[in-house]
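Note that the chains take the letters A, B, C, D and E in the order they are written out, and that residue 1 is the start of every chain.
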Amino acid sequence: ADKVVFATNWKAQAAHGGFYQALADGTYRQYGLEVEIRQGGPQVNNRPLLPAGKIDFLMTGNLLHSFDNVKNGVPVVAVASMFQKDPQALMAQPGQGYLKFTDLTRAPVAFIAKDAQFSWWAWLKADYGFKDEQLRPYNYNLGPFLADKRSIQQAYAVEEPISVQKQGGFKPQVFLLADHGYSTYSTTIEARVDTVQKNPELVKRFVEASIVGWNNYLYGDRSKADALILKENPEMDAATLQQSVALMKELGVVDSGDSLKLGLGAMKPERVKDFYDKMVRAGLYKAGDVDLSRVATYQFVNQGLGLELKRKLTGGK
Amino acid sequence: MKSSQFIELKAVDRRYETGLLALEGVDMQIGQGEFVSLLGPSGCGKSSVLRLMAGLDRASAGEVLRKGEAARGPAGDTGFVFQEPTLMPWANVATNVELPLRLQGAPADSREKAARAALQLVGLGDFAESSPRELSGGMKMRAAIARALVTQPSLLLLDEPFAALDEITRNGLNEALLQLWKPKPRGAAAFTSVFVTHSIGEAVFLSQRVLVMSARPGRVVDEVEIKAAYPRDASFRQSKVYLQACARLTESLARASEETALG
Amino acid sequence: MAEAGRQQRPAGRWLAPLLAVSVFFAGWEAAVRFWDIPPYLLPGPLLVLQTLYDNFGSLAGSWWVTVRITLTALALATFGGVALAGAFALSRWLEWSLTPFAVVLQVTPIIAVAPLIMILTDSASATVLICAWIVAFFPVLANTLAGLRSADAGLVELFRLYRASRWQTLRFLLLPTALPYFLSGLKVAGGLSLIGAVVAEFTAGAAGRNTGLASRILEAAFRTEIPKMFAALVLVSLTGVAIHLLFEALSRRLLRGWHGSEPR
Amino acid sequence: MAEAGRQQRPAGRWLAPLLAVSVFFAGWEAAVRFWDIPPYLLPGPLLVLQTLYDNFGSLAGSWWVTVRITLTALALATFGGVALAGAFALSRWLEWSLTPFAVVLQVTPIIAVAPLIMILTDSASATVLICAWIVAFFPVLANTLAGLRSADAGLVELFRLYRASRWQTLRFLLLPTALPYFLSGLKVAGGLSLIGAVVAEFTAGAAGRNTGLASRILEAAFRTEIPKMFAALVLVSLTGVAIHLLFEALSRRLLRGWHGSEPR
Amino acid sequence: MKSSQFIELKAVDRRYETGLLALEGVDMQIGQGEFVSLLGPSGCGKSSVLRLMAGLDRASAGEVLRKGEAARGPAGDTGFVFQEPTLMPWANVATNVELPLRLQGAPADSREKAARAALQLVGLGDFAESSPRELSGGMKMRAAIARALVTQPSLLLLDEPFAALDEITRNGLNEALLQLWKPKPRGAAAFTSVFVTHSIGEAVFLSQRVLVMSARPGRVVDEVEIKAAYPRDASFRQSKVYLQACARLTESLARASEETALG
């Protein structure tokens, strides 16, 4: 079996479920891969490890990183997108008069993490009129948000709202950025260009096994994957995993739009271009900064893989 | 009677934390205005006695009385020339000498004047601005003497102040010290003085009374009164009183030293 | 002060901090209850202790990981700092040449260089250790160096008189002279290597099983289990205090009887 | 060593570090070229300098923000550390009571307490400042305290003899005695307040207009503009070296002529 | 002729960094095995001369020769009792005394034996395990003397070694020192010795030759040869040679001191 190291961008959680599924139920092994999953974390930066050759595949939050890679000549390319919608969201406490997404621009305080300040916050400012004055740093601690009823906060739609409900005892309003034009792909798999060119068959096996894993995780028996996640991340608990998966399904994070026809992992160049244009408008890039043809390769996805399996698991629904 | 004694040690023991018994049953009485010298072999406890008198140390047994009352810590009007110069290395000589006045809250100009006078007295007038490390051994000691004199204390404790000085300087300072102690030949003494020295001649020349201490543990083993009027000058060193006292002290010191055998 | 130190007051030595800490905790608990502060903002000390007790099993494992990194980093920092200071004392040229690098190491934000170290060492635990070491070693170096330079001028002359080799001078004169400085640097480094171990784990986080307290703090914070976060913080603090007490005792033992700072 | 220090060698004093740093940079550049290391992994120093030059305008603004926080935090740490050490020297009870809190402050990961401070102060810049202060103050405290306790026993007796008040003893005896210790602590604190300013901005700094170097480092790292990140790091390092040189000079000036460590 | 001189100072100046001229045109010749004493007013430069002889300091002008060759740093076989005891505070007395042997790489047991013998000689046999801060002033100085003797150096420089000692102890050590210097009455001297003292009597009793230095800047202004055989004992102090030498030295010292006026 080929030894492969795959790094995520966060501690093990339901949003990585498909990968752990493929590891736990032996799918990767069936594809001749011996996979090690390396967790990330709030201050852990696994990104340089990919071009350095220390890892083979990297899970990436959104396309901005891929744009930056191309812009800075880092020979890395996106090969699949496991999420059709980025779960990035803003959340607010209920009953504060935030009815529409645009109402959030009136919030006095917005808790936003550093990386977001460098990325989609600029887009929110450009397209919706949010202001820097609202900014407060978010260090993945909900206390300040819970303490300030009028504040809003960034949220990973399948994580923080669950915690808020547990801690604050209320269900927060969640506004998914993807529903308001933030059209990036998410939870993409990146590989080195070099690997794609010299060993496309390895990439193909990893992508396909991951797609199988995600189908099984969403629609099949998750128990082994959940057990592995709980083991890797002792702070996680079964109830949260349960709720996260429900949210992923409800919001269509993984499986919606293109993936319904093309299978999980689907990516379309048009959507990549659309997102890039928005980011240019937000001032993050200049037109022509990035050669979009090198951002992603579509050869490993969009082939309907996994649709059959999904049908089998869901009983043809 | 009681009140005429300035300092009294009554059956004083001093046992150090190491277990060493430095003083055992020491009795001493120093009258107001008296000039008393202490002689004794090296390590017999002379410095220990001075520290008790200054209130810097406590007796393990017995009593130390100052003006009839139990001494509890330093009294504040004591000048003390320690056996080592003990100067502040970061300050120049003048600042070092001024220190006691500064601690007593004296204004800057009077401090300065007093310090200059004291330095002049010990022959360091030109070195007021020098740092202590630029002084020779004897000059450091003289700076310490100037510091002890600068406050015009009512009790002056001197622990071998002149040991590092040549005989000429030493004699000069002896006379200067007596001059300060008894400015007018028949007048009252300006302060009480307890003087530790290793020079028998110096002890006799300066004091009204000389006490001899025995080797460890220290006890007072002899007491010689020097019956001669002040001012005493160089000719006193030829007098019979002087020579007799010296002879007697040499002898009792020899007896007191017997225990400290030398290889 | 020496005056106060002349009589040992072991009662106050323990009573005072206990009292102060008790008062602090009581005030904290009272404040939490009086203003009804929700536990996700600031849990009361009782709740924290309860949480600590409940989670002791899982926290103890992480604590041990952090302690191990801390002690290893501290040992390396001590050794490296003293060795470098000694080398500097032996050769001014070496000192002049290497000081800039030592300073740069001290002021480099490890969050920025952690990935680089990661790439070079290819091991998360080595990365954490190196990061913690970077944080802790400078105080030992700076203090030991200052101490090595404080030798009594008279004793330096004595050693010159007997033509002591540089090594002998270092061994028999400079190092004993530097001891009080070194010990003070050690107290600083003790705390720093602990904080270094925590911060390094934040940034270079050894994933998976061998996670230290840093991961627990982050996780708890992330999941807004603030009492648990405080429980982990309490463990970090207690560890820091323990290290400090250890070095206080060491300092008292080594300096007693000859150095002004520790009267017998 | 005093022996080596007897003759001033100002040439070597500057030549040695310049030479060492040049050799280091040359080696770095050579390595980058020889192994053909891509700039997104490790840019060569020439590229970093070029980037620094190209972005100087924007980086200089951030640099100034960081420097301001650093200097303010350092001033507060110096003042706080010395004041606390002085208070401890005046009262052993105070020392015993408050030492645990000082230690806890030192070992508390600021990432964990930043949100709490944030809630209490309600101001990002105040939070950053407090965090940087927390990081920097302990070395000043520990070292000054060790220094205050090092007074010569003979001089302590002298001050007792004249019944110097505690305040006088502190002012005229203990503080001068502590100076060399304090200066060594200052060197450590100088670096730490810089790193504290950076780390505090990482965790507590808001983006927007007034961002310091930390944000530039993070942003560059996030956007894989590694040469720019190194350019910002170089600025941090240069600042650290400048602070260190400043304190070296201060130390030489203040101790020259009386303390063993700085021969005239 | 040239080779018979152990140490020579030729027209030596020493100007300190402060600008103070401590020595000016000093000429001295110390023969192999000679015992020479140095007298002079406080601050005249005696310690400076010893430091030059030891190779611890350099002349600002002139030459310092050791065995006919320019002295470049310490020679390694010199014992030096500094004016201050200079003990390592962190080590006990025995370790302090052993230090020179340790620096010369002597094995532990021979070090220990030599240290014990030297401590016995100065009367500190019982204090080998004590810390320096538990010693009296005189005892510290005696420990420093033991340390200087322990290597059996070929040149012994003594800077007022006995100033802190009482006369009995001092006389005892004087005799012990002479005994070490010339073990057999008619044999060769075991070492060359330069001795700084403020006691004229001591200088005469010990030395073959006494040099007198003038006040700052220091120069050699008188030289007295003491023509008396060794061993000398207490009776020598009554001899005519002794008394005449003392008288002459007292006089030239007084002249040499004139410049250091005392208030």
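Heads up, the rule we're going with is that contacts are C-beta pairs under 8 Å (C-beta built on N, C-alpha and C of every residue); 3 or more make two chains touch, one makes a residue touch a chain.
This structure is a prediction, so every number in the text was calculated from the model and none was measured.
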Co-neighbours of subunit C and subunit A - touch as defined: D
Copies subunit C and subunit D - rotation angle from C-alpha fit, nearest 5 degrees: 180
Highest-count interface - the chain pair sharing the most C-beta contacts: C-D
Farthest chain relative to subunit E (centres taken as mean CA coordinates): A
Longest centre-to-centre distance from subunit B, chain (CA-based): A
Geometric centre distance via CA averages, subunit E-subunit D, whole Å: 50
Inter-chain centre distance, subunit A versus subunit D - centres from mean C-alpha coordinates, in Å: 40
Subunit A and subunit E, separation of their C-alpha mean positions in angstrom: 86
Residues of subunit E whose C-beta touches two or more other chains: 84, 133
Multi-chain contact residues (two or more partners), subunit C: 41, 111, 115-116, 119, 152-153, 160, 202, 218, 221, 229, 259
Sites on subunit A at which at least two other chains make contact: 43, 45, 47-48, 52, 139, 141, 143, 147
Touching pairs - complete list by chain label: A-C, A-D, B-D, B-E, C-D, C-E
Contact set on subunit A toward subunit C in their complex: 11, 38-49, 52, 54, 139-143, 146-147, 163-164, 166-168, 232-235, 240
Parts of subunit D lying in touch with subunit C, wherever the complex brings them together: 1-5, 9, 12-13, 16-17, 19-21, 24, 41-42, 89-90, 92-93, 96-101, 103-104, 106-109, 111-113, 115-116, 119, 138-139, 142-143, 145-153, 156, 160, 166, 169, 174, 180-181, 183-185, 187-188, 191-192, 194-195, 198-199, 202, 214, 217-218, 221, 229, 233, 236-237, 239-241, 244, 259-262
Subunit A-touching residues of subunit C, taken from the complex the two chains share: 38, 40-41, 58, 111, 114-116, 118-119, 122, 202-205, 207-209, 211, 215-216, 218-226, 229
Subunit C-facing residues of subunit E, complex: 51, 54-56, 73-74, 76, 78, 80, 82, 84, 86, 88-91, 99-100, 102-104, 131-133, 151
Complex contact set, residues of subunit C against subunit E: 152, 154-155, 157-164, 168, 172-173, 176, 179, 257-259
